[in-house]
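Input: structures, listed below.
Here chain A shows up in two complexes: once beside chain B, once beside chain C.
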Partner chain A sequence: MSVSDHVRQLAGSVFNNLKHQHDWTQLQILTHSPLDNSPLPRPIISGLPPRRLYLHPDDQIEIIRSHRSSGEPMEEKPEIEWVLPTHLAEKWTLKSFASVFDSLPSEPSPTPGRPKRIILATIHDDSTVVYYFMHDGIVKPRQN
Partner chain B sequence: MADTINSKFNLPQHDPACASASASPPNRPEVKQGAPKAIPPKGRSLSQTYALPTPIRTYPLPSFYPSNPLSLFHVVYTWVSQLVSPPPVEPSVVHVGTWSPETRSVHVHDPKSVRALWEQGFFGKGVYSRSEPNWLRREQVRKGNHDAHVAENFTVQRREERKQMKWDRARREHEAILKTRMEEAWVAPVGPAELLALPNSQKDLQQLRLSNGFANGGVPSSLGHSPVQPNGSGHNGSGPVVENGSRPRTPSNGVMASPPKSSSTTPPPSEPNGTVLKRRKSVRFSPNVESTTFGLSDPPSPGHGLQQLNGKASSSNGAVPNGNSPLVNGKSLSSSTPSSSASEEDTASQTGSEPSTTTNEIVDIEHLQLTLEETFYLVFALGVLTVVNPASGRAMSAEDLFTLFRQTSYFPPRTVDLQPDDPFLLHYVVYHHFRSLGWVVRPGIKFGVDWLLYNRGPVFAHAEFALIVLPAYTADEWKAAGRQPPRRSWHWLHSINRVQATALKTLVLVYVDIPPPSEGPLLDPAAMLQRYHVREFIVKRWLSNRNRG
Partner chain C sequence: MAAVSVSVSGTDRAPVRISKVAGRYLLFDIDDIMHLRRHHNICSVFVGTTPQNPQQNIFMGLPVELMPEEAQVLVDKKVAYIFDDGVFHPARLATLDEPTRRAYLQSLKHEGKMAQLVAEESKKQFVPKVKQGKKKSKASRTEAGPAVEDPVEQETSTVGEKDVEDTIDLFDSSTPASLTSKPKSINNVPTKAEPEGYFVTPTTTSALLLTPTVFPHLPPSPPAEPSECGGLSTAAVTPASVDNLPASYPLYAHLQDKGYYMMPGLRFGCDYNVYPGDPLRFHSHFQATHVGWEDEITMLDVVTGGRLGTNVKKGFLLGGAVTSSEPQTAEGETAGSGDAVRTFCVEWAAM
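Showing the complex of A and B:
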């Protein structure tokens, strides 16, 4: 089995996991950049999570300012996220991650000044997928 | 082969940990209850459902007590009855799995086998579930067809509550920061103009109080406390009098205008045609003001009462979400239903390969996925599983699987140059070791380790131990060749240990002594595995002031 087959399989597994276990919508597997149609180094999944996954601390303050009074939950609009499928047995380097970031358009980010963000999906042989945020650079830390 | 299986499957039964965990030794009536069912019926306790620690049944003779001669009859009766009608030869049920080279695992599709492998030893994982294969039940609960507890839904609910808690906390902190900024921005009136503008006599002060409706406190203290003061209060030293002097006019022409500014819906109950003085009072002292909130641009107001209000408001903020949370969850759950069904529809239309789901009947698309180590343990050690090669459609022998799994465990897979320390052998030795000791071993990727050890199983308690598998090249031949184990930094160990400590698990370093390569590869798995040795070390952080005894 060649490496390209392998990464395509991984993308399919993560795709199904997002769809059936985590209820994501608008899922699609991208092999080419949506901007200039150049091939991506790895297939990337884009999709809409059921709830917002990441809120920048500055945005949080902004929302609190605009909803000062309400005790009701903040409506958080989910954003399209980019997911990079990987396998636990793979060896990744900073260089390979950087090439993935470089190939990504900065378009899906709502605030262009901020670093790009992907979700690293690492799959294990027992079909467990663990998801981690990854930023292209240093970001302001969030309170846990 | 039969006697080796016997000796192996007896091991977990005699393990003290297992015996102490199960209330009674598994005797025949209990064993017969544990027949595999597709869906666990209601009303069975956990220990009944998960009575068997392995997918194999044993029929031990009851124990004989010399002090109680009657127990001899029990022994003889059991022995004779088993002689007359022998129990079925174990393994009585052999499950079938399909080798999937794409996912480097074995898939089990038969629902009965899936339940049996999960309930009897916690083997495998449902592909679309956290661990127990319950995707179908989750979908049924979501559609309202089934009323059951699903672990994933509890997780969703807990996360919603946590999120709300975090929002409240963030808002409280933000308000505290604003308040501190206000207090720091206030400057005492020191300039000549500001000092001259201060009230000159008791009479002035009385007038000021009357016009402002101050019940207590002087001007500066009220200013210092008011959290809704506009930010530019640096020149406020002159502000108190000048602004306050002009302030009585604000309500007189602005009573009607002020309620829209505040976001609350309850306007102060002021008589529309009352006197100016009355209006002022109604604004300042109305009990309904308590629920009013002020924007940053609102005029300053006496701070003391407002602070109390703030305290109340924040406490009510804490109370309201709790009361609301079921509603919130209900909302979010119900709102997620249409979106998911919509997603199913549109992906089904995209791919077309998915079975189309009708509203009443949900097709179970989930299967059980077994890792290489779990599969080989079930095939080789227990003999309760046969693995079918999808290419040939025939069952594969344990020897074939042994070679295949060793090849597959490399990334990318290799067919030549298999080493005695390949990832499959390394991890299988550890898996077999702890399974034989009666532990339930499951992958530990979520905690950044190789394996997790559960005492009875994940449904009973959290994992107690987290295992890191490390190869040890202790043989002379390895040393002569200068073979070193993979380099691990102190930071690596420390961070892993801290993660386990926060998850209340104990970190165990498992060293596997690798046999030298000159002994040559063997096709027989049992002979090959005998050459490996396992050593365990527990790592714990020691804090001098906490562990003083």
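Showing the complex of A and C:
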């Protein structure tokens, strides 16, 4: 009981951080998989950031190319992101990360060909939260 | 991109010989190294570079030391085989027949002669320059007149001359006395000839594998028997699996299979630096760290790895072989060898 309690509080802290510090909207905490409604290994937060957070480098090249030819300004449409709340002192395994990815649909992505991604939200005891993308598979870095 | 070239090139070349010396896997032949680099995305480390910075071009020297993973991948792909030089060398020497032996010695001598010729050539180019320099300096000194000469300057100049003479002497003394008798000794019977040219210490036993017909500069001798290496190879070729294979091999093989180039990852605290192409042309994309399927990963390690990766414009890649019997749902993540590998890339979300 205490473990799930801890996890629920983590999710609550990250939820508040996203809502008040990062101005995310449409936030909700999911406890069951949108795929088959089975319980998730851990609650996941879905939400809409105020601006687009991630652009795959190949898509970026494509957008720049098409907009250079048309001359229109680039519009940035934010995408729904999945956020996995974790604590800095936790221990994970490849297996547990894989189970999180496997329980998520690849659907709400505007680029279905790209691998799934989540945002790791890692909380420290002083309530600092750091956010890192985690991709399912080999995805080249954005800046190189 | 690499996958295409692999399929094209795989057939037209004999398997590469990897020399196993004292538990290390070495490549001595520059052609083999170029072939593997071009067609099998294996670059590995040149001997002479420092472990932290294996790409210092000026220190690169042969042989190339392969990581055990690389040797294993090459053996699995059947583009290379591993020879235990310690076993092979005495066994091969014991079974050499007279013509082969003579041809081998002759080839060593030829190599020594070539080395000597090259050395003399460079000496010829070197000596006149120095003499000119000496003359010039003397001329300038006489022009300046004897009055200006003070003892200190004189001393330094004589020291300089002495140095030059010393270097010349150094080169001279290394030239064997038998140099002048070279044309005569070529006519001699090869086995009884005086040692001439530089004495070359063979750095690899690969020359022993060659039949005399390979050396075109030698007098033709009876060709070696076809079964020449048959008995030996079974003794010297090590079994198909490399013995000191690290646990990170599945991750290596997975990335290798996808056409990435790997270098040792000491510099970035990971197992491999992963390049999307030849490291001479590309920056690396990932710092890859192997983790067992159920090994614990501290979140602190994920965060610090992601932080370091972002700082050096790389992705932090975690990966390992799937050891359980769970169904694979990730698309395209099953390796060709049948061992499924799952990988995850971490980069900063900039928020």
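Here, the second predicted complex is superposed on the first by the 137 of 144 C-alpha atoms of A that agree within 3 Å, B and C clash if a C-alpha of one lies under 4 Å from a C-alpha of the other, contacts with A are read in each partner's own complex, and residues count from 1 in each chain.
Basically, a residue touches a chain if its C-beta (ideal position, glycine included) is under 8 Å from a C-beta of that chain, and two chains touch if they have at least 3 such contacts.
As the structure is a computational prediction, the values presented were derived from the model and not from experiment.
In the superposition on chain A, contact of A:119 is made with chain C only, not with chain B.
Shared-chain residue A:77: touches no atom of chain B or chain C.
Shared-chain residue A:128: touches chain B; no touch with chain C. Of the two partner chains, both chain B and chain C are touched by A:88.
When both complexes are overlaid on chain A, the residue A:61 reaches chain B alone and has no touch with chain C. Judged by the touch definition given at the top, the superposed model places A:17 against chain B, while chain C stays out of reach.
Of the two partner chains placed by the overlay, only chain C lies in contact with A:137; chain B stays clear of it. When both complexes are aligned on chain A by C-alpha atoms, chain A residues 87-91, 122, 130, 143 touch chain B in the first and chain C in the second. Those residues of chain A that touch chain B in the complex are listed here as 1, 3, 5-6, 9, 13, 16-17, 19-21, 23-27, 50-51, 60-61, 64-65, 68-69, 71-74, 87-91, 122, 124-128, 130, 143. Listed in rising order, the residues of chain C touching chain A in the complex are 255, 258, 276, 283, 285-286, 291-300, 302-303, 306, 309-310, 313-315, 317-320, 322, 324, 326, 329-333, 342-351.
The touching residues of chain A, counted against chain C in their complex, run 22, 49, 53-54, 86-95, 97-98, 101-102, 115, 119-120, 122, 130-144.
By the touch criterion given at the top, residues 101-105, 124-129, 135, 152, 163-164, 166-171, 174, 263-264, 293, 295, 316-317, 320-321, 324, 328, 332, 336, 339-340, 342-343, 346-347, 365-366, 369-372, 374, 409, 411-413, 423, 442-443, 445-446 of chain B touch chain A in their complex.
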